[in-house]
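Here chain A shows up in two complexes: once beside chain B, once beside chain C.
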Partner chain A sequence: MATAQSVFLSGIVLGSLYAMMATGLSLVWTTLGIFNFAHGIFMAVGALVAWQVGTDLGWGLGPAAGLAIGVAVLVGIGFLSELVVVRPFLARRDVVLIAVITTLSASIFFENGTLLIWGARYKQLEPLIPGKVDLLSTAISAHEVLIIVIAPLTLVLLWLFLKFTRIGSAIRAVSQNRESALLMGMNVSLLYSSAFALSAGLAGLSGILLGSVRFITPSLGAEPLVKALIVAIFGGLGSLGGTIGAAYVIGLLEAISVYFIGLYWTPALLFGVMILVLLVRPTGLFGRKG
Partner chain B sequence: MAQPILEIDDLVTGYGRTQVLWGVTLALNEGERIGLFGPNGHGKSTLLKTVSGLLKPWRGAIRLNGESIGGVQPRAVVDRGLIHVPQGNVLFPQLTVVENLRLGAYARRARAEREPNLARVFELFPRLAERRRQLSRTLSGGERQMLAIGVGLMGAPKLLMLDEPTLGLAPKLKDELLDAIGKISRVGVPLVLVEQDVEFLVALTDRLYMINHGAVALDIASTDRLDHGEIMQMYFGKG
Partner chain C sequence: MRLNLTGPDGARLLCLAVLVVLPFFVPSAYVRHLIIVAVVYGVVASNWNFSLGYGGIFNFGHLAFFGLGAYASAILAKTVGITPWVTIVLAGVVAVIAAIIVSVPVLRLKGIYVVLVTFAFSQLCLQLIMSQQGMTGGSQGFPLVPQLKLGDYSFASDDKFGYYFVALFLLVISTLYLERLVRSNFGISVVALRDNEDYAVSRGISLARQRLLTLVASALFTGMAGGFFSTYTRVASPEIFGFGPLSLALSMMLLGGTGSIYGPIVGAFVITIVSELMIDLGPARFLIIAAMIILVLLFYPGGIIVGLRRAYDELLKLRPTRA
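Here is the complex of A and B:
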């Protein structure tokens, strides 16, 4: 019985992280129509900045300051990255392909940049809240509980922002009809950079939360990025609710599979499930038609 | 004579290497409503797109109240109160009617007047008020056209350009829109109206330009009586 509960909790933790990552990916996909392959390295950079700012080996300002500054820096990096690697190619018809190359290049650039600045030694963040908590009669670290709470909270805030603010509705609008957005006087380029910045901020936050569960290396985000990609496709590209739902389904599936089948075959299983779902429902599990 | 509100002088442009406009010259004076008509694919929509900044002019001038706006960003044109409602506009299909309308007042100068203008649009098109919470993709063709015009009005236009607002609509709906556009222009909004249906234009405008082969082929007062034969002749040449 206790096993089922701990598998469930571990699935929810994974799902929460995937939800934040995949939502960031999905936001860029719906708004700009491209996939950002630097999303994974953004996670690592976020964690490293938080490490530099927060831990005693860095500047020692504490985990909360690390979190805040880490996310802020990532928002800035996202904004600039859009300007440099996406903006110049947006008018081109093959922008989707070009963006694969440019965002991958950006990702390599950041990977080597982090190695240059922080070296190859593994690092870890202190948990934001130390200690253990009993949840569903399972001992779980307080930090993981925090992940379970922060993820939905962040996504609700994101939803409120997109639904009820002027800039948020404009971001949704520009993804649906660029020409109309222009004719209404929207600053389309600024909206694109904002969406990218927001997405990078989400990546940074996920990286920082993950950085005290796993070791921080430049490839911290690589494996979660693949999962987030599965989630985004599985959930139906572009639907925020679908992406979040799919994140928890994949998280739980992964936890169950890791427990019963093992770590080795789990990625294969996840890809298998994704292919099966796409065979039956080409628009994704929760995706809309057309 | 007073300075024209909109002045287009020898405008030349196109898409990529394909030239569409071959020197369009026209003017819209204070309180005037002009109509553009002519065969499909001869540059009417291209002309509006160039005026609103979606396309860059290759040559020639566009002046709004004496100020050159040729080649500026669309948002700079919107900020000057020139609103373009494009043809067959689908707006934002996944947003509700009221969300679409509110975004129509996105420009800074329209924002203060947003809620009063929203009330005015709902008064003009009661059907939009009924469907305010519906996603705009669920609207019928006529309702979508009303929404497109409503979004244009939300931008507090000082000059409104409508591109074929009755495209593909049933006659009854056409009459409804004719009514609505008439009301809009009667409150003194200058109008540039593109239409295939010349009778529709005659009812709503003071002057007509016929655009043929990317240039103005004819400039006539709408009060001149046009009969069907003459229009046919304009389209197809003398038989």
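Here is the complex of A and C:
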């Protein structure tokens, strides 16, 4: 059954991308208590920076340099964005709502900024590893294999970082109890910026990986962002393990559904599944109360 | 009803009078078009404000009510052949049905989950419209929607003079409706649920029922505005469901001020005019608008309307007082 294997593989590829995106969203949500609607455009910016640095049409420094600088620039953008569009509003009573509009504004800002800098023409990154690979007796591109490998690796690194480093523990402490963390003398503002920057870096990485599979437009991240939202709701916001599990479940479900019932009805199916989950468990499958 | 002409009622009547006589003094069809667009967005934003500002329900699928109204009216008028006068009203009914559907999952949810589910709902509507290409025109949109006519008079003639007053009529009716709504017992219970949910529920207000009714109430005129818009522009376009119109309406509401019915309407006029003034800048104007939204949110949390009120009060103080 070659089809079953190729459906499975494309599901895993999708799941890996969703896992990285949804983890970024979830990280900001647990730490800052807001939702970042600029996450999608961060993906596009990451891919465009990597294109500028890495490809021959840009500065031609090679894909690896593109990847490294792309992620680094996004970490910087994330840090600054938090400073400008999130921090001034954190003390407001309706911060959840205000943050939606400010991050949407940031999204508009970056979207039109990329149009001004790079124009509207479609671009594509070269694959990080060229060629095809035989996997489960199916030929898939080496780049997709790389996605399957990089995503879990990145998420394990993130988990190790959050679990065992000083800053990681501090970020977790702040998300669990902001006031206590303040009383313990932690620099809460700096930790907020760090979490936001980390999340933006993840967005940039997912954008760069996606940028050689799809064409890079300002809306590169829009459709994956909606899927990542569904993943985040499905898994329950605030549980990293739940989010990652949900990402692979949704990715496989999407691949199966695209194969059997077609591209157009798949979003309806995913939405239906999400509603069903929410009707039974209003905070998602693995979510906590709040 | 007694009118307080020196107070807020006077300001409202003054604004209305200006809008009524404006097209007679400003012959430019382009200015008229801008005001029609601002009026339509004013209806959308002020009705959204009822569920979001007054009700505290973070419904990010509000533009889906507008879009579904636009498509429903366009399809009923062109494919089924009903007169646009009726389909615009039917668009409101379709939006109400959509509101009932979206409120089913929303009833049990809180905070950010409401944002996500309603946003996902509007994306789902978009996907369904894209997939039913035969009926909706898919990604190309649904063009050549029939015009409003009264006898032999087409509202498209005289540079859309007639549409201006239909739009204005819609805004006035919608605003009177919202006024009644927020002052009714229902409106008060909606605000009570927002401010102290536990207490309101303990006093016998049904959370699920009021949430459903709030969304339904905010959908009615939004759908009709959608129906009017697709009739006026003669096209129902899938772009309505995108990030653009959503953040536009949201910024109108927040810039204008969520504390009153009139804030979002003022916001709609300000943003439409400002973005039109900068049209030569191309994509750069969105950078400026985005920065402006952040700055206003930062320095005028109550919105533009608060500043306007203060200015109006100052103006009244300048009047010689009667002895």
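One rule holds in what follows: the second predicted complex is superposed on the first by the 287 of 290 C-alpha atoms of A that agree within 3 Å, B and C clash if a C-alpha of one lies under 4 Å from a C-alpha of the other, contacts with A are read in each partner's own complex, and residues count from 1 in each chain.
We take it that a residue touches a chain if its C-beta (ideal position, glycine included) is under 8 Å from a C-beta of that chain, and two chains touch if they have at least 3 such contacts.
Since we're looking at a predicted model, the values are computed, not measured.
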| task | Scan A:A268 for contacts with chain B and chain C and give back first, second, both or neither. | result | second
| query | Counting only touches as set out at the top, which of chain B and chain C does A:T165 meet: first, second, both, neither? | reply | neither
| message | Going by the contact rule set out at the top, does A:S180 touch chain B (first), chain C (second), both, or neither? | response | first
| request: State whether chain B or chain C is in contact with more residues of chain A in the superposed arrangement. | output: C
| note | Intersected contact list for chain A, partners chain B and chain C none
| field | chain A contact footprint on chain B (complex, rising order) | value | 52-54, 74-75, 78-79, 83-86, 89-95, 99, 102-104, 106-107, 110, 151, 155
| said: For the complex, give me every residue of chain A touching chain B. | reply: 166, 169-170, 172-173, 176-177, 179-180, 182-187
| remark: The residues of chain A that touch chain C in their complex are 29, 35, 84-85, 88-89, 92, 96-98, 100-102, 104-109, 111-113, 115-116, 222, 226, 229-230, 232-233, 237, 264-265, 267-268, 271, 274-275, 278-279, 282-284
| message | Show me the residue ranges of chain C that touch chain A in the complex, using the header's touch definition. | response | 52, 58, 60, 104-105, 108-113, 115-117, 119-121, 123-124, 127-128, 130-131, 243, 246-247, 250-251, 254, 282-284, 286-287, 289-291, 293-294, 297-298, 301
